[in-house]
Amino acid sequence: MAKKFNQLAYRNLDDFVYGSSPKPVTTKSGMVIGGGTVYPEINFTLPGMDINDSTIKKAATIYSNIIDGVLKRAAELYTPGVLVEYETLPDFTEHPKYGIEINRILINSMKEAAEKYGLKTAIRTTPNDLREMNRPPVMRSGKYWDTMLELFEQSVKDGSDFISIESTGGKEINDSALVKADIRKAIFALGVLGCRDMEFLWKNLVDIAGLGKDCYAAGDSACGFANTAMVLAEKGFIPHVFAAVIRVIAVPRALVAFEQGAVGPSKDCAYEGPFIKAITGCPISMEGKSAAGAHLSPIGNIAAAVADTWSNESIQQVKLLSEMAPIVGMEQLIYDCRLMNAATENGQQLIFRDLLVKSDAALDVQAYVLKPDVVFRISAELVKTQDNFLRTKMAAQLTVAELKKAINEGKVKSDKRDMKWLDKMQKQIDTIPDDAIEFYNQIKSELDMDKFIPSEYGL
Amino acid sequence: MAKKFNQLAYRNLDDFVYGSSPKPVTTKSGMVIGGGTVYPEINFTLPGMDINDSTIKKAATIYSNIIDGVLKRAAELYTPGVLVEYETLPDFTEHPKYGIEINRILINSMKEAAEKYGLKTAIRTTPNDLREMNRPPVMRSGKYWDTMLELFEQSVKDGSDFISIESTGGKEINDSALVKADIRKAIFALGVLGCRDMEFLWKNLVDIAGLGKDCYAAGDSACGFANTAMVLAEKGFIPHVFAAVIRVIAVPRALVAFEQGAVGPSKDCAYEGPFIKAITGCPISMEGKSAAGAHLSPIGNIAAAVADTWSNESIQQVKLLSEMAPIVGMEQLIYDCRLMNAATENGQQLIFRDLLVKSDAALDVQAYVLKPDVVFRISAELVKTQDNFLRTKMAAQLTVAELKKAINEGKVKSDKRDMKWLDKMQKQIDTIPDDAIEFYNQIKSELDMDKFIPSEYGL
Amino acid sequence: MATLENVSQCVLDGDLDEIKVLVQALIDEGMDPIKIINEGLIAGMNIVAPLFKSGEMFVPEVMESADTMNEGMKLVKPLIMDADMPSKGKIIIGTVNGDLHDIGKNLLIMMMESNGYVVVDLGVDVKEEDFVAAVKKHQPEIVGMSSLLTTTMMKIDSTIKQLIKEGVRDQVKVIIGGAPVTQEFADDIGADGYSEDASTAVDLCDRMMYEICGQQAISA
Amino acid sequence: MATLENVSQCVLDGDLDEIKVLVQALIDEGMDPIKIINEGLIAGMNIVAPLFKSGEMFVPEVMESADTMNEGMKLVKPLIMDADMPSKGKIIIGTVNGDLHDIGKNLLIMMMESNGYVVVDLGVDVKEEDFVAAVKKHQPEIVGMSSLLTTTMMKIDSTIKQLIKEGVRDQVKVIIGGAPVTQEFADDIGADGYSEDASTAVDLCDRMMYEICGQQAISA
């Protein structure tokens, strides 16, 4: 039975702050995520190398060095806890034994750090979505589905605290929608394909999480959708307003995981997090300036405004002048968290939240849509329907309207071409019917049917 | 005529905040450093390579790519201004034509960025102190002195806004004092040799700055003294309390530059900056968590508490997942500055300063000595004498006393061995006479006379 | 009245309906179809390219212009021998084995095509031997490879080795790109060029073609 | 009463006066001087090393212990033939040409000496040919080079090349370190080992010596 979200999790905008959420999650080690403290979430990846039976030992050594290094630094800086994310590279999901081995290495090092330093840690295991290895993607069965689930299951049994994924259902259509700035196709990709796939996928993942002791299904990220849009916008390839709208239309898709039983913290790169937190009350992970090594962004500070864990997204094991890059990332995250938590200890978290917001909100439309009041206003409308597709269409309409108003009132910096694009999007959105199937029939002829298989989405 | 500092530049501790100082400095481009806004200060260096006539062209291209990249990102993020630091590698000072060429490339790119984006910039040129290339160092004449001054002079004429240096007078004695945690020798190195060298050197540098249009002598850093101590302490090689005391005894040395006419912003890695600002009222540069790629530190946030420019110290031109590392550094600095400046716009800079302080001050003795109230208390004592050596001895006494009190009162985390080391230092300091020459005669027999030439310090 | 300038402007505006009218009118007037291409359609894209580079046009707008140019091409192409079709050169492009990222690759293809290159898209997850087979079949001047993952970038290296092994490495220039890829890496593995993103890749290819064919090629 | 255990404890405590009394007493008792060294003085340092590694001792304390050991050595050394002096091996150490950093190097020397190695310190700013000359003269098992600057790290490479050119590369193991140096760089330029800092360098050298001489060397 899916959960229903038909009202906001908050009554008061002032309660909507970083570090605490109405439904905190407690890890095996006693970290209470959303319980008042913002924790750092550290991510890392291999330097350039091949992965095969002859190199896996070397890769394991690198992961082992990384985790030992970051946990040592975390202990030296007295962090109240660390969430480690292990996000797999494709080879580690395709060959689950590789992924399982690395996950175990990380869990072991975390145990050692607990003994050695008394450090509290938890691990989020995030297999990459392998299903797109088939072209067109096969979403509900087959070799890739099987190996992916194998990695999930064993990780859960081996002691992972959280499981997540950046799932890709609908990406095969969204990719070209992005570069063409085609909002109708993007709404189809996220609101029809994405939401349908999420429902299927997260039902399975919630069940798998249940196989473990105190293991939680944590949440998904529309990374390949909304973050790709953000990166394209940063490069000047597509309009910032388009990327801002994509961000918000990714919200109903993300919500599906929580309807199916995910409890957070949602994924770091899921900037749709603030909406999820407002609607579900579950804690969220976010990333901003301290993830600049993974991607530049116009939301370096505001991303932290209501974050419960604060992440560096990812960094390769390369040497900087001081230390290996993941250790540098660990230190930066810890100081960011210290500052936020210091404000909380003073009872000044609201002041600090508003500074994070003020820092960025007026400078970019993508930052503007993450303002807590904007998040509340849009979220309050979205909960009025339980139809995921309609929610997606509404998200687009509401965001376009919010941005037009903000630009007209001079509340946010905008490119001279932005208003034209907002008008264009509005016109396109207005052609979309309220019913998903009706929309599918309408748009079918425009879709590249070599790229996707309708039956994989129950269509 | 040297300036005298016999009282604090502030009456009220609440005025002692980041971004504004009693004596702001205005750059050619109109940036007012210490005038209310914290600016990012970006530094960068080459990846691993040889420098000679056949590679200098490649090096020039790399610097050109770096500066264009960072200024573009700075403009995209709407920063109110950028201070660029060009800190030379030895080859670029030894062959001034190399250093001059790179400095010109940077200045040209800054001009282009002004035209293209309307970006305000200024440049600090920091030749490395070449005099230690002689062993023992020759401080007041000779080939290295000459080439170093040649680079300073031409840079000033070519349009540099600020000149700085990390001077090394006394380092030849301080190096072994650090690893032996010998506070007497360190006081001799900084308070006798360092101060004497600073007087000679900065008299010259202030004159050279005067050769340029609106060019300022900005300040020095005891990097090779106090930051080396910090790094050794981070590695667990020497006691944190020892590094904390070294930090403060570097203050009188740094002050000499300002007595000679330097006006700030003092050097980024000169963590003695807060004391300099309290005493002289000049703006300061600082670095912390966003300089973690250059060195880890226990003062990631507190370092920003009274900073006027905020620096990344240095980063090589290496590729991270998003972008080249200097661009990543630029973005992180800008977001840090945005947040601080947002607080200032709200009139909340004091709240924010105190959060930066609260974040770190209780967790490490090196952070504790940078607390604004501690800085004020110690500075207020130091200005009572005009004798640089006596000031240095007093700095040591005062810091030991502050730390003992703080540890006893449970105000700062400490290692169980710290009190023993504080007692040991105090005993050693008590053996030091108040007169520099008397001290020199006392300690002479313990000095390795192969390592330094007394006459180079007027001894 | 239809003029070559109107055609160029129409490409710039991305007007898919109008272009047909204009180009057909010029054909009916008896204008040399190669002239229509070079001085009308491609000339239009030559205005687009710098506007994109300076940030005044977005990718979707460039794509509309490219679509418009292609719409015009459809009308003139049948009137010209294949061999006479103006082209800057031929490039085959693919994302390497194990890597599924295609947005960057697709942007590159779009930019290359709209700048007058003939592009053969091998898609994503392209095996070493498939690159080799494509070189043998299509005889391109340039091979472009992209990798977005640190664990697939070494596949660029192995593909180059395969090209050498099969004796076709010298026939082509190899250019590479993608998030983890750097100029240094390109130098290390013996690629001919590295490009940071789609918008600089065209310049890179122009330089490559210049090395291959001399000035001629670029002004084609 | 003086015992070997007292001597070890005295080294650990770093008591420069007491050590003379204790060692002299054992000599006067007629104890084998090599036994005094191995089971008293070096045994003391063998307690110090792990305490330093685990963060329970600071460098200045280790240095005091090392000084204390050396003070004891001064008394026993004249009683032993040079060739019989226990030593793990000989290492020459220097900071490369153009680089003036010596704290890290000096820490390494201190750690190596107090772990039983004989160290020849070439100082800072050491030219390629001076490394070679020192290898020929001192016949060390290991050569250690450090570089703290990105612009001097390539000097490690050129020094290794010079060792090869002069035909002495095979006689020694080369270990390297310093802020910009990485394991990858060490592999690239053909160094035998890389160490992150002084405290791990001793382990590295012990491994190197094991490769050279077998188990024997380490337990010397």
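Should a chain be cited, it is by its letter among A, B, C and D, assigned in written order, with residues numbered from 1 in that chain.
Keep this in mind: contacts are C-beta pairs under 8 Å (C-beta built on N, C-alpha and C of every residue); 3 or more make two chains touch, one makes a residue touch a chain.
Note that the coordinates shown come from a computational prediction; the quantities given were computed from them, not determined experimentally.
Q: Shared touching chains for chain A and chain C?
A: In this structure, the chains that contact chain C and also chain A are B.
Q: Need the CA-centroid distance for the pair chain A / chain D, whole Å please.
A: Centre-to-centre distance between chain A and chain D: 51 Å.
Q: Taking each chain's centre as the mean of its CA atoms, how far is chain A from chain B in angstrom?
A: Measuring from centre to centre gives 40 Å for this pair.
Q: Centroid from C-alpha atoms only, then distance chain C to chain D, rounded to Å. What do you get?
A: 60
Q: So which bits of chain C are touching at least two other chains?
A: 180
Q: Two or more other chains touching the same residue: where does that happen in chain A?
A: 45, 47, 316, 321-322
Q: Can you work out from the touch definition every pair of chains that touches here?
A: Applying the touch rule to all chain pairs gives A-B, A-C, A-D, B-C, B-D.
Q: Where on chain C does chain B make contact in their complex?
A: 179-180, 182, 184
Q: In their complex, what parts of chain B are in touch with chain A?
A: Checking each residue of chain B against chain A gives 45, 73, 76-78, 234, 288-290, 292-296, 298, 300-301, 314-316, 318, 320-323, 325, 327-328, 331-332, 334-336, 338-339, 342-343, 345-346, 348, 351-352, 355-356, 358-360, 363, 413.
Q: Under the touch definition given earlier, write down the residues of chain A that touch chain C in their complex.
A: These residues of chain A touch chain C: 45-51, 89-91, 132-133, 135, 175-176, 178-182, 228, 232, 235-239, 316, 417.
Q: Can you list the residues on chain B that touch chain C in the complex?
A: Of all residues in chain B, those touching chain C are 47, 319, 321-322.
Q: Per the contact definition, I'd like the list of chain C residues that touch chain A in the complex.
A: Those residues of chain C that touch chain A are 55, 58-60, 63, 98-100, 102-103, 106-107, 110, 123-125, 149-155, 180, 185, 197.
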